[in-house]
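Single-structure report; data block below.
Letters A, B, C, D, E, F and G mark the chains in the order given here, with residues in each chain numbered from 1 onward.
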């Protein structure tokens, strides 16, 4: 049974994508297919979680070809958690899409693309083969390319050019690194790589490849100084797409980095972790400063993604069990929170028709609930206790102090106050301040159907509740990941 | 003995011919001239491949020759299509 | 680019190309070829036809919409994978019929998978070309 | 039990909209005031029954893996604070309803303030440092909401943000300190740390820990140089100022210092810092109060001064000093809370808080006047108020210390008197003047609280020897870390201290008589102005924004090629640098042999590559790509990869067709880059090329495992039923790769279709 | 013996291809270049392919090479026609010594077009 | 011959990077294609090359005779080529649409989304 | 009838491709060919395949001969560096009518010496041919008409 379950997060959205392709004209069918399939993935992920927590790591050999020859799919704690988060994200964004995506985009394959996006994401989480990871990355990327450009508005196209080009460069680094690794070691299975690398004659060559992976995944996860594609593009597509991207995509890069650097490239941590920690610090700072300079909800949020990637990398680079647990917790927290913030930004846009701070105001007065819903993820992002972001920050800071990494830890604290600054900036400008006098007071929201309003708010509430749950009932989540299983 | 020489010689000559054609590709002057050059290069590559098939005694190589035939033609049609659209556009 | 000569030539060339594409597909398991190249050659044939006769006629010739081909390709590939489960084995395990067929050799789910690839590749390329070569809506842009 | 007490306000908060939606503000206030009131009563009972020897923490598991528990501790210090919080809370809750009136805003107010009260109680009852920190941050945030309550005003938002940032930075400092304590001691439990502080005191991290903890306390309690946020916080509605910014929240820092005092006392850094910063705040606050004319500002600056005094007293560390601290703190909470609320009442009824135009309210607002005058007496330290007891003790303590501190205390004392007159006497007795509104007494919600609180100050003063002594001795022992014998009395006979008191009162009155001149004092003198912390705060923010903009437009500059260059430069530095540093050229396997036909394929590839770089027309460049593709296909053929060659050739041609269909509309020429950038790009590109070349050569030094190759070869026919091993890999051994790959193609097709056919207007 | 014949054919074929190569470089205008190369290349390649087929000698290979030759014979002139036509439509200059241009005359009769000279 | 292939791979890399640093979007796309070639050549070469002998199981045999080319890198490259094609097709169209909306393929005109 | 022929031709081609002339392969070829013809229904015009083997053969031999000759001429041209005289583009009036015939003619002309078909007029009445040696265009036109065109007409008679 498990050997079927483990593939379902891939097969279900795959099948969903096929179905939506067949029903191009029937939007209702497409919607149903997508939300049902993402719901199913979430349910499956719960079974997977249950299994890994009771019986441990489970793996399956695709096609029955034994490792390292065939491709292995593995579910361990880390991947099970990531899958469940991805299911949750798919489900909540599906609901939001019903309320926010225009009929044209729906007709032109929106749900197909979301499905394939999640095929790629889930595949990336499950695979235990390095080249197969490349393939799922590409599936994910290709879907994201289309999603970011679909609709073809001018900013979308401009953003997409940078998004696509830089991500392709990342893919090339990845591909080349995998190729070189195969050339050195002669295998692609991650576990097998881990074993064979330990006894290789040329550890420095392995480290060279490891550094190449830092570049490849560094671009994907928007690490300094490789992040440029993200702030150039994430604010251009419809809000729900930004939301999914903001939540999931860069985190897949970080996930891959965690996988690779905790499992495969453990032979030269002084170099790899040293590099990572420097980049992590710079990423945090540059990202948060970038956000401080912006005056558009989504641009602020986009730069914050960069900044927070720095935290996750910091956890990875500190490399202690607590630090890695902190990084993983950070990922979980950040996916939920950042997605939600983008969705809320989307609602603001639905109300006022803009994301620009100087054209917004008075939302808190008119929509106090929305204000509350904003504060939950926003404060969580800034690490205000006891919300989820606090525990993430806490774990990392504690790990940092334990590793006596004073500078990066101090920096991480400093950056968190700047994060708070940015969140409050949005709060002040969008929610608290009155609408500027020279801006026409429009409220498109009140004209929406009840169904549309619900579609918009329900996912936001779901995610806010998740944030609260993770914050208040942190214990299981903080213990959850621990270190990815060293030996699949 | 002679046959081996013949194969090698022919390989060299076809290779050299490709080189000559590439000169036309560089010289142009018009896109159509370059297209002629590209078309000819791919065509000559068929002969090159056939000769290599003999040299290496690997017959599967000839499948590439057939594909190359398609490819050469399709490519040329594509370029011609471009040139024709261009001429329309320029009017 | 409707020239009489091209149109006429293409009419006689492309059946052969289709044939060759299927040939590539079916013997790909044993000799050079396979679903990709097969699909690409089939698509090349349709492209030739499209360039010579325009998208509209090409759509008519094709009978099925390329999008359906894509969907069918994915579905067939998926089915080939799931057959492994049905047979009580792992996903994508090769299940073979014990019946030799010329050219193809044996028939089994990997061949079915390759057929899926063929359909998808054909559909994909054709879809793209139809989209790009379709000048019917160019006027209003 | 304590958990429940703390949770109550949080649990009630969500229901406030239900209760308050259709009610008058005062009704809502009355209803909600029962919450602090009932809590007050329960704390009172606990306090009365408190037996210090038997205090045991109340612990509920929360996140055991990191040692964070819901642990609470109700000792004298907590309970005293609990009483202040709920006692003043009752007055404030009652007052605010009448003050704010009906409406959604009032509902929000009560939600915020309930959350605040819960958080504040959380701070004082926590027995877990991290839990304390969580509540600490929650007070900062609820304070933010309350300061920015009138959020349509820029000043409110500015002040709210300022308070949040300053206390937020302090919060992080505290967090760091707490985590360090945890790292050293392995626990967050306050009881555990207090009972065995030796590990901490001997730790090499002691200095940073003390600095970090004090950073938290000083920002929260607005110690110099972080004091500037507090006066700005007066943008909040007056009940908030009364509650948060004088009686309770700002005392959280004092509480923290008091709570941890047993751990650190005796360490020079701890005591000296407290005395220096506290003393400075006491003087600076007092000095800044001199020229204030706004009732709330007067009260705010004197609050600063008092906060400094309290910190300073803790730093003194002697039993008498700590006792003084507790008494002074209690007295301050009572009189300052009252004075703020009376100021609010005055503001509410007259429409102004400017002391220069207030006067003659004695008859018009008799109850308020009573409360104000009584509180002012307490503030001025006039017998028989509790403030008197506090001041006597303060002078007594001061006399035993450094002369500088002594004079500082005296100076602050004089200004206390002066400010007390301004805030609590002047509005009632000064000649009546025209005010924006015609003054009248509010209903009982606006007076009941103040009258009670003021009276409490009186009662505690009168009952100093028994009631106050009992309370204070319970509260001071946890601060001292040992049982302290406290014996308080109202009257100590005529002595030098009484004389000093008298002197300060006279001096204070003297200042009052020349107040008009004091109002004209400059806030700061000359160049000092540029060093004002509030100015520095603004400058820091400006610098932050400047840096942010500068670095963002530097990095995110909009030019794709700059991004790409950055990426490749990084790659070269990191990967290339590491590689070439370790590369041993003598080890490389260099086999320059080459067949003629290989050279032909090579020439084709290189020709295409070079043409592509120099081509001046797009189609020419596309052709060059095609030529290179042909060459690569030839290489594939030469090295036994026919399937690759077939695919490569077909795909190359299809790409050409796509290009052709896409670019025919473009103008022919393109010449955009200049020569210098070309040279720069060529350098980067060729360095990368060299790197790649050497990587290949370096990898060839050792054979790799052929395990996979052999397996595929052996299994292809028997297991995969195919002779074309590459194809068997694609459709069987690694079919799932292919599955993903065809998916990419499908997505591309759908994407291209959507991209071309769906063109939305605008954006 | 047959090896000598086949070898000669290979050499012959490659020389014809060389001819095409020379032609494409030396001829003065595109029409002349195509005139020279289409047939030369087609012939040369065909000769080499047939020789190759005969060298391997199996029906499979021979039939395969014949297919390629047939395909070339059909497509090469079509391609030349397309390119020639496209070149003409793009107003590629005829060699200066060209004496007669019926196509140009017929087009001119149909429409008046302004002459834009393009060199690329 | 390794040196030869390594050099070609290096040259392709150089050209690819040089091209993606141009201002014209078409050149960027071509550059990516060249880099794709470079990556494929790299995998091909670095996965150990064998001259002439493709990985086929001859008739009447159960496995190929040594020496034969390692089929795995070939399969990987095939996958990479096809993926690259999909991506390139999309890029071409993205470029076309961009040109439609901007009337330029100059990347320097495509930075409104980055500006402060 | 025509489709049937085509079907058989395709099946035959399948045999060639596979190099396996067994009956099963033939049936396979027929099935596949049928599928292709089905797909292309409506595109393939009517064509008449009767016994014209002789004429076809004649045409083929004539063509091959011309092809050979043309190459020698071009070789001479290139090797002697004798400069071309007077090329020309001439309009050849067409007697052949169907598309297939025109195409065949055009292709054969292209593959033969000194001539290159450039275009067919829209009314299918003229074939524009580029002549390498256009000093005597009328003779060239006559050669074409009496050579290839005549033989093609014979084949399709």
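A few notes on this one:
One rule holds in what follows: a contact is a pair of C-beta atoms (placed from the backbone, for glycine too) under 8 Å apart; a residue touches a chain by one contact, two chains touch by 3 or more.
Just so you know, these numbers come straight off a predicted model, no measurement behind them.
If chain A is left out, the remaining chains stay linked by touch in one piece. Here A-C and A-F are compared, and the pair linked by more C-beta contacts is A-F. A centroid comparison over C-alpha atoms places D as the chain most distant from chain G. Per-chain Cα centroids separate chain B from chain C by 26 Å. Once the centre of each chain is set as its mean CA position, chain B and chain F turn out to be 21 Å apart. Between chain C and chain F, the centres computed from C-alpha atoms are 23 Å apart. In chain F, 20, 28, 42, 46, 48, 52-54, 56, 72, 76, 78-79, 82-83, 86-87, 89-90, 93-97, 100, 107, 110-114, 116 are the positions where the chain touches two or more neighbouring chains simultaneously.
Chain contacts: chain C has residues 1, 3, 5-6, 9, 12-13, 16, 20, 24, 30-33, 36-37, 41, 44, 47, 51, 67, 70, 74, 78, 81, 91-92, 94, 121, 124, 128, 131-132, 141 touching two or more partner chains.
Residues of chain B found to touch two or more other chains are 11, 14, 18-19, 28, 31, 35, 58, 60, 63-64, 66-67, 70-71, 73-74, 77-81, 84-86. For chain C in complex with chain G, the residues that touch the partner chain are 3-5, 7-9, 11-12, 14-16, 18-20, 22-23, 27, 49, 57, 60-63, 101-103. Listed in rising order, the residues of chain D touching chain F in the complex are 549, 552-553, 556-561, 564-565, 568, 589-595, 598-599, 602, 605-606, 609-610, 612-613, 618, 621-622, 624-625, 628-629, 632, 635-636, 638-644, 647-648, 651, 654-655, 658-659, 662-663, 665-666, 670, 672-673, 677, 681-682, 684-686, 688-690, 692-697, 699-700, 703-704, 706, 708-709, 712-714, 716-718, 722-726, 729-730, 733-734, 737-738, 741-742, 744-745, 747-749, 751-752, 755-756, 759.
Chain C meets chain A in the complex at residues 67-68, 70-71, 74-75, 78, 81-82, 84-85, 89-94.
Note for the complex: chain E touches chain B at residues 3-4, 6-8, 10-11, 13-15, 17-18, 20-22, 24-25, 30, 33-34, 37, 41-42, 44-45, 48-49, 52, 55-56, 58, 60-61, 64-65, 67-68, 71-72, 75-76, 78-79, 82-83, 85-87, 89-92, 113, 116, 118-120.
Residues 60, 63-64, 66-67, 70-71, 73-74, 77-78, 80-81, 84-85 of chain B are the ones touching chain C in the complex.
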